[in-house]
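Per-chain residue numbering starts at 1, and chain names A, B, C and D are given in the order in which the chains are listed.
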Amino acid sequence: MISASGLAAQFTELVLAMLLAPLLTGWVNQCRAWLQSRSAPPILQPYYVLAKLFRKDVVLAHNASPLFRVAPYLILGVIALAAAVVPTLGTDLPMNAAADAIALVGLLAMARLFIALAAMDVGTAFGSLGARREMLVGFLAEPALLMVLFTASLISNSTSLATIVETLAHKELVIYPSMAFAGVAFTMVSLAENARIPVDNPATHLELTMIHEAMLLEYSGRHLALMEWAASLKLFVYSGIGLALFFPWGVAGGGDALGIVLALPVLILKLAIGGVLLALIEMLSAKMRIFRAPEFLGIAFLLGVLSMLLHVLLER
Amino acid sequence: MGAPVSLEMLCLLGSPLLGGAVLALFGHRRYAAELNVAFSAFTLLAAASLVVRIVADGPLTDWNEQFFVDSLNVFLVALTAFVATTTALFSRPYMRIERDHGRVTDAGMRLYHCMYQLFTFAMLLVLTTNNLGVMWVAMEAATFTTVMLVALYRTHASLEAAWKYFILCGVGIAQALMGTILVYFAAEKALGAGAGTLLWTHLDAVKDQLEPTVLSIAFVFLLIGYGTKVGLVPLHNWLPDAHAEGPTPVSAVLSGLLLNVALYALVRCKVITDGALERPFASALLMGFGLASVAVAALFLSRQRDIKRMFAYSSIEHMGLITFAFGMGGPVASFAGLLHMTMHSLTKSAIFFAVGHASQKAGTQVMDEIRGLIRVNPTVGWGLMLGTVAILGMPPFGVFASEFLILTTAIAQHPWATPILLLSLGIAFASIFGKVQPMVFGETTARRLPHPPALIPVFTHLALVLVLGLYMPRYLADWYRMAAKLIG
Amino acid sequence: MTPFAEPLQDVLAIACAWLALGVLGIARPASAAWSTRVLYPAGAIAGLLLAATALAAIFGQPQSLVLPLGLPDLPFHLRLDALSAFFLLLLGATAAGISLFGCGYFRHDQGSAPGLVCLYYHVFLASMALVMVADDAYAFMVAWETMALSSYFLVTSNHAHAEIRRAGYLYLLIAHIGAIAILLCFGALQGGSGNYTFDAMREAHLAGPWGTVAFLLALAGFGAKAGLVPMHVWLPEAHPAAPSPVSALMSGVMLKTAIYGLLRVTLDLIGFQLWWWGVVALALGLGTALYGIVFAAVQSDMKRLLAWSSIENIGLIFAGFGLTLLFRGFDMRALAALALTATLFHCLNHALYKSLLFLCTGAVMHATSERSLGRLGGLIHRMPWVAWCALVGTIAIAGLPPSNGFASEWLLLQAFLFTPGLPQGYLNMLVPVAAAVVALTAALAGYVMVKFYGVVFLGQPREAKLAEAHDAGLWERTGLVWLAAACVLLGLAPATVIGLLDPVTRVLAGDGIASLAKGWLFLAPIQPARASYSPLLVFAVGAVLVALVWLMVRAFYHGRWRRALPWACGFPQTNARMQDTAEGFGQPVRQVFEPFFRIRTEAPAPGDAHPRYRETHEDHLWYGLYLPVARGVGWFTGLVTVLQRGRISVYLLYSFATLLVLLLFVR
Amino acid sequence: MLALHFAPLLAKYGPQLINLLAAGLLLLSFAMLTQRRILSLINLFAMQGFVLFLSTALVAWLTWQPHLFVSAALTLALKVIALPWILHRLIRRLNVKWDVETLLNIPSTMLVGIVLVILAFNLALPISNLAGTVTRATLGIALASVLLSFLMMITRSKAVPQVIGFLAMENGLFFAATGAVYGMPMVIEFGVALDVLVGALILGIFLFEIRERFDTVDTRHLERLKEER
């Protein structure tokens, strides 16, 4: 059942994801800088930051509990697990049998739960504020993402991401209007989930507006490094999901090593384009008040439901 | 002819009669209460032996057929004797406390004890006689005795209650006499004039030859007459007043026994009528009145402030339920009706025992002023709580057993009736339990009772009800079955 | 006699043992030591035995037994089949943990004497066991109402407080009305045969309308017990009012007895199922789930919060049940089996984690004598055992992998994803909406549980006295750990659980899905290509990854760390009161779902020296449904009093009129 | 002796006589219904009792049943002598002479009464046709008088008239018993008579009790026990 090639593919993919994730973040930042006609930081900036943070001492608040210290490792681990599930290079992934789309959403939710708990642990005003906002984003974004995935699974009669990609990429090309809706919904969700404008601004520490950063306020040193890494990995995972659902072409089918080798440049290309698009969106839209976020995500959720409805109505 | 009256019957009817005579003289002495208990106990003994005899060798007619005892009335006889005895036990401390409070005089005590025995006698006579006329006379006598008992305190309220009781039941009973006359009129055709004409056994033998029109009119009069005493809506108005204003032991026997006895008379007449008529005329009437009583009584319940008054209305409700069951007829429903009779009288009298002590303790019958019984007299509190739970038809108490049978039969045979029953039972539960709970639970400032309360009666009754809900002895069941067969 | 040869008799014996323990309790009512050191442990052992017996019995043949008790024509019939066995397993396993906890918990005075509480408690357990094995209407009703009664006395055990009495009253009232509905349902089921044994009901071939009547009555009756909206109002009152182990027992097990009854009646006793019954149940269930979780989000009392979340879970269970009926109605057996499996699995999970969490709140209340979330916080430092057990429960109830909660929700969602196969146009539209509601509910559950856990256990203590809080005692820890372990195990080995459920679904849905599961490692409901999930693998890989990260960090970098004041954006003297309160945390949900609530706000005046801001969220249904009904009845009773105005002539007129009417009626 | 001579005559005119008496009874019932003064009410009651006695005696003579003679004697003793005497003493002690206003004014009461009579006759018609006795028409009249006294009890607001109405109702019943069927069995006749007597006595006692508690015998003061709206 679990082939050696599969294991190999799984491993390479995971490692690749872990390593490429900061690069993607860097690339997005650079694009933003260009679009804002600023002089961009080097594309490897995230790596430098991580390295520096790892070297620094950890400063813990007095009443930080063990949970606070365990959380970063847990979060990075869980998101890495999620990354292992998403087929970016090949569809022959053993983890796909272990965790399907629903489980993937579950894993991301797990990460969110822990980051929120960790934020509440120290017991400062900002931590709990951030946690609350994060959960607010979460409880609307999570079902929306699930709806998007369900649409795909209804199309491909399977919740396993690998099968979904197989169906979408390697069957004859069919136009799925439902996927258009799903695509819009997914974009909105991933903007919110990755703390991007218009929902959040990754580059600010303004107390009143920040969500994700507010939760990291009390972290320092390697813990912070892990958190940052997890954040960029999360971005990578979401891009992976997006590509798998909407641009699955180029992902290698069932276990041909050559395909995987070919898939790599395709992936990088797609990621690059995706990064530009992301930066563009962030450029063009303005940060909204936090109270508007529910409406924004609510729309995403409804679009997700609509896409399922469309599928049920038109495509069966 | 001329067969000597059997010993059991003699004791059964003789003991209360004698007791009445004796207590009329010594009713005010210190040992009067014990005497009262003794006479009742002796009656119970006689009843028990009578039961044994009936179970052994079937129905028995006695004293050239003037008395007739079959499985239908023998169990009511036993029940009556039993509850009369336990109530006597309860009234011992209760009346003592009343006397200490100065609410009853010596003359009052004499009257009380004497009338108590005579009342028992009258009821037993109604149950055992074979003669519809004598039945009527005895019923009237029962009314008189209880009227005296209700008026015992000679207060404004008690007099008013007694007066209403007297007038309403008197008029009602008069209608019953009209009915009896009509029955006699019809019977003459079949049996010819003579002393034997009104004997139930004879009527039962020839019931299919009786003139239907006459019988139906007769039954209407009988229903109005005895129905008034059963407390069927809209003939019930005397009942809450009489229950609330008399001494509590009297309330206990009134709703525990007298209603049963009246219903028994009604059932006897129904049997004859059903025999004579081909259409289910009597059954329809009984069901109608039963449902009306259940519904209206349930609605009244939530309005009550006086605890005894509330339980009086609950008696109306249960009588309605039983009447409805008899109206439905059939082995199951009649069985259930009889069972419910038993359970109701046991439970309700137990409740009145507890209520009596509770209101004595609080010095009032107003429910809002009775609080936290469980703190001061836990036993009284638990008696009231368990009794209430039982009367509301909560398993494993026996009342539920009969309600179970009645309701399930109802939805199978008369689905239209079930919504009414469902609503009524729900409202009744809400009203009664909502009022009893704060009385039992919570905090209080009241003192303990001067005399130790009589708890044996309460918990004997409740224990019986509990056991019968879970297990019914074979012979008891057969007994009910036979009785149910008689009712049809 | 060899163990498990006669499981039904064993069950009976255990039930009797529980009763006996209760009676022994009132032998020495005042002595807490007697009941907590002797009786509760014994009760826990009985629970374990029950679980073991049931486990063995699930795969055994159905057994039946007739007791010489009950009505003359209707002795108590008992029967133990797979369904009963499964719920008995649930009961036994949960009760064992709760009783263990109780050993430590009941040491304190709960208002009533310890012996009495012990009596109620064990009668409650025994009656629940009897409900599961009853095989005729009378036995069932007796056990059912005994259960209601004993739990009522448990709820009101601390009856000095008026609001507790009110809660108990509301509870018993709704339970009783529900019971009457169930009774009538049985009356409809026996179809005029006059035979109330379940066997007879299985034989009786009902006419369509009667079947529908029976189903609706059952839905109403059992729904009232389960806390189905709109019959839920008693639940958030009664569960918090009871002592915590009792809340755990009520939320965890008693609600499931209602599910058991509903399954028994609809899938076993009624010979047929109509698909639209399923739609009704599904709609009600989803509504309940959303309603419950939204209200849970705004609660500021930790036990009320858990109670509302019980309503949510019941809603999910009903949704699964409705789906089962839907598939059954179209005779899609395999899918019905899938939905049913999800339902039953969720019952089991909820029993475990909800009792776990309620017990945790109990421990917290003992340590701090506080229930209000606004006065707790930072307890993870003072009571680590409770905190970590609670974390397990939190993850489970939030439905996150690899917990058991996720496994059942995963199955449920899978079942939803199959509904487009239904041969009914409109129903297909139902899928997305229904699935969306389930997803939303699950996500909200995460929100609520973060609020619960974060506010109670994390952050800084909001009150000075919390510094004296002590961790749970040994007995209590044992109980907590038992339940937590069960949650973890069920989460990691769902395939095994499905194996357990297989006989049940074969009986009720006519098919099973265990045979299709891809070995013990994977959970693959219909076919592996379609969907498969292996929590063990997920857990293992996840653990490995976390470990790797940790090791690498440790390997390459130093492990230096020091303590300091929190940073908090450099704000000076931030204190504990600046953390989010429970209300604050719930505010976003309150804003998004505003129409759900009946909100009353007390805002301070502009120049207020001591400004206080209070906001209460109440239930529209209470004001929109219950109070009007009560008022209506009140008005009606007022109308009836015309009959009793005290004038004797009028009374005479009544009987006179009756006489005349009847006389005319005769003519 | 004398009786033997009258026998044929009676046998001839007996039934008509009885019908005449029955008519008289009904007339008296109506009179009582309309009568305002208590004293004359009692006298009317006594007269009704006398008519009852006559009819009973007549029936006894016609059918030659000894126990009917006894009950006739009973009627005479009880309803013509004892009860009116008791009632007279009663009102003298309570000194109530007037029963001023009735709850329903007299003419409308009369109308209702007539309707009742018609109903009663209709009701009794089929039965009377079955009756083998010489006194077939009497049942309807008995029924009517029972209903009329019932009506009277309803319309009177004072206690004493209500009592009288109650006793008049017993009269009607008695008449039904003797007129329609030739008297009930002995036992019952006695029992009924006894009950009537005891009842009257108890009522008397009560009236005094009520009198001294409420210093009036107007039943409208007996309206405290009721349900508030």
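Simple rule for what comes next: contacts are C-beta pairs under 8 Å (C-beta built on N, C-alpha and C of every residue); 3 or more make two chains touch, one makes a residue touch a chain.
This one's a predicted model, so the numbers in the text were calculated from it and none came from an experiment.
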Between subunit B and subunit D, the fewest touch steps amount to 1
Co-neighbours of subunit C and subunit D resolve to B
Centre-most chain by CA centroid is C
If chain centres are mean C-alpha positions, then the most distant from subunit A is chain D
When contacts are scored as defined above, which chain pair ends up with more C-beta pairs, B-C or A-C? A-C
Averaging C-alpha coordinates per chain, one finds the centres of subunit B and subunit C separated by a number of Å equal to 44
What is the distance, in whole Å, between the centres of subunit A and subunit C, each centre taken as the mean of its C-alpha atoms? 35
Quick one: report the Å distance separating subunit A from subunit D, using the average Cα coordinate of each chain. 102
Whole-Å separation of chain centres (CA-atom averages), subunit A against subunit B: 79
By residue number and range, which residues of subunit C touch two or more other chains? 638, 641, 643-644, 648, 652, 659, 663, 666
Counting only residues that touch at least 2 other chains, which ones in subunit A make the list? none
Junction residues of subunit B - those touching two or more other chains: 163-164, 167, 171, 213, 217, 240, 300, 303
If two chains touch, include that pair; go through all of them. A-C, B-C, B-D, C-D
The answer for subunit B against subunit C in the complex is residues 163-164, 167-168, 171-172, 175, 213, 216-217, 220-221, 223-224, 228, 233-235, 237-238, 240, 281, 285, 296, 299-300, 302-303, 332, 374, 389, 392, 394-396, 400-401, 404-405, 407-413, 418, 422, 425-427, 429-430, 433-434, 437-438, 441-443, 469-472, 474, 477, 480-481
In the complex formed with subunit A, which residues of subunit C make contact? 377-378, 380-381, 391, 394-395, 398-401, 406, 410, 413-414, 417, 420, 428-429, 431-433, 435-436, 439-440, 442-444, 446-447, 449-451, 453-455, 458-460, 522, 528-534, 537-538, 541-543, 545-546, 548-550, 553, 556-557, 560-569, 571, 574, 576, 578-580, 584-585, 587-589, 591-592
Residues of subunit D touching subunit C in their complex? 103, 119, 122-123, 150-151, 153-157, 162, 219-220, 222-229
Show me the residue ranges of subunit D that touch subunit B in the complex, using the header's touch definition. 123, 126-127, 130-132, 139, 143, 146, 150, 153, 159, 162, 166, 169-170, 173, 176-177, 180-182, 184-188, 191-192, 194-195, 198-199, 202-203, 206, 209-210, 213-214, 219, 222-225, 227-228
Given the complex with subunit B, which residues does subunit C contribute to the contact? 68-73, 137-138, 141-142, 144-146, 148-149, 156, 159-160, 162, 165, 168-169, 172-173, 176-177, 180-181, 183-184, 186-188, 190-192, 194, 196, 633-634, 636-638, 640-641, 643-644, 648, 651-652, 654-655, 658-659, 662-663, 665-666
